[in-house]
Amino acid sequence: MMKISARNVLKGKVKKVTPGAVNTEVVVELAGGGQIVSIITKESAEGMKIAVGKEIAAVIKASNVMLAIDCEGC
Amino acid sequence: MMKISARNVLKGKVKKVTPGAVNTEVVVELAGGGQIVSIITKESAEGMKIAVGKEIAAVIKASNVMLAIDCEGC
Amino acid sequence: MMKISARNVLKGKVKKVTPGAVNTEVVVELAGGGQIVSIITKESAEGMKIAVGKEIAAVIKASNVMLAIDCEGC
Amino acid sequence: MMKISARNVLKGKVKKVTPGAVNTEVVVELAGGGQIVSIITKESAEGMKIAVGKEIAAVIKASNVMLAIDCEGC
Amino acid sequence: MMKISARNVLKGKVKKVTPGAVNTEVVVELAGGGQIVSIITKESAEGMKIAVGKEIAAVIKASNVMLAIDCEGC
Amino acid sequence: MMKISARNVLKGKVKKVTPGAVNTEVVVELAGGGQIVSIITKESAEGMKIAVGKEIAAVIKASNVMLAIDCEGC
């Protein structure tokens, strides 16, 4: 088994796959509701046999997560 | 109102705040279950008055989302 | 209104849009002079109706900004 | 001389330096007006002798630039 | 000469180039063995005349490097 | 076993660990020669028990790899 330093691992199922020439867009329906969109290389998507319905995890390094708030007049 | 190109906006509440000298770590409990960890600058965290219990959204650019699968012998 | 933790928001106007199958390249002419190039998903570009002449802001997380200096013999 | 693939190189002068234990925050005043904030490692900041007033360039990969627009009711 | 804050500069030779409409994938064979894959804009790849056999360096900001370990039952 | 979409996995051994309040800098000596520097959260570094001499892999998403060339008068 492998453990990675990325702090965010969100489980879900592949909902949609859109391949381009170099990159592929993958929409993942999260187990907890909502969805997450990922852009990976086409070669990775093919190597992992990513297809609609496949169980998958979205992995995100904490330094790539921004935060946003609603505010009045800001 | 502002619309941002980042495809991923996950709503939740601040669960834990750990400030350093330059960066602050923020743990967000997602509305859909699970949590997400973010590293932002201390100045942003203070400017946004981020504190435990505050409603917040995690914002992530799609190109920063990796995918992972379980597999046998890979 | 929304406030985001990203420290860098640079205002300008869209100068050029180049769509691919998955990603779109957008060149922004900055209000202060100079330009900035962004790669976002085609779906974001279409959803935001990004077109030449549109007022726009480039948003960049501080941890994604590198620094460079000129130096002799370095 | 070195040429880098990063599409965005914005020239300016160092305005403020805030060192932490591992990372250093650097505020750069852009030649064209406005400012940009960068987080780099403390070791890089020291190795490059970054100090207030020093001429510097902010370097940003296009895939790390998001776009945002103002909109009514979005 | 230019010095950049990115801590990681790995030298090698271009092994394969795959252009798309917006992005180009470049595989670099490292001098020390192994290889590294990069996605840059097509315009950068063309501007730098990247072609198989060319001497090149892969440049990576330290905050974009994750770490992984093998472990039993983790 | 887990397979991740990140295209770059470089094996090595931990050479130096510098913890801060929030982030930890880890220098990895690559098996093929050369080294790579990573910034991860302190909590990840502790959870993975990262220490000098430990076998480790550096994992990098292809979209985070820039390229650079030497050139005359560029």
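Letters are used for the chains, namely A, B, C, D, E and F, taken in the order the chains are written, and counting of residues starts over at 1 for each.
FYI, a contact is a pair of C-beta atoms (placed from the backbone, for glycine too) under 8 Å apart; a residue touches a chain by one contact, two chains touch by 3 or more.
Just so we're clear, the structure is a prediction, and the values are computed from it rather than from any experiment.
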{"item": "Centroid comparison with chain A (C-alpha atoms), farthest chain", "value": "D"}
{"item": "Equivalent of E-F within the choices B-F, C-D or B-C, defined by over half of its residue contact pairs recurring", "value": "C-D"}
{"item": "Reference chain C; chain at largest CA-centroid distance", "value": "F"}
{"item": "Contact-richer chain pair [A-F vs A-B]", "value": "A-B"}
{"item": "Self-contact between copies chain C and chain E, residue sets same or different by half", "value": "different"}
{"item": "Chain A-chain E separation of Cα centroids, rounded to whole Å", "value": "22"}
{"item": "Rounded Å distance between chain A and chain D, as computed from the means of their C-alpha atoms", "value": "27"}
{"item": "In chain B, residues with contacts to at least two other chains", "value": "1-7, 20-23, 25, 37-41, 43-44, 48, 59, 61-64, 66-70"}
{"item": "Pairwise chain contacts, counting only pairs that touch as defined", "value": "A-B, A-C, A-E, A-F, B-C, B-D, B-F, C-D, C-E, D-E, D-F, E-F"}
{"item": "Of all residues in chain E, those that touch chain D in their complex", "value": "1-7, 38-41, 43-45, 47-48, 59, 61-63"}
{"item": "Residues on chain B engaged by chain A in the complex (per definition of touch)", "value": "4, 6-10, 25-26, 28, 30-34, 36-40, 44, 48, 50, 54-70"}
{"item": "Partner chain F, residues of chain B touching it in the complex", "value": "18-25, 37, 39, 63-64, 66-74"}
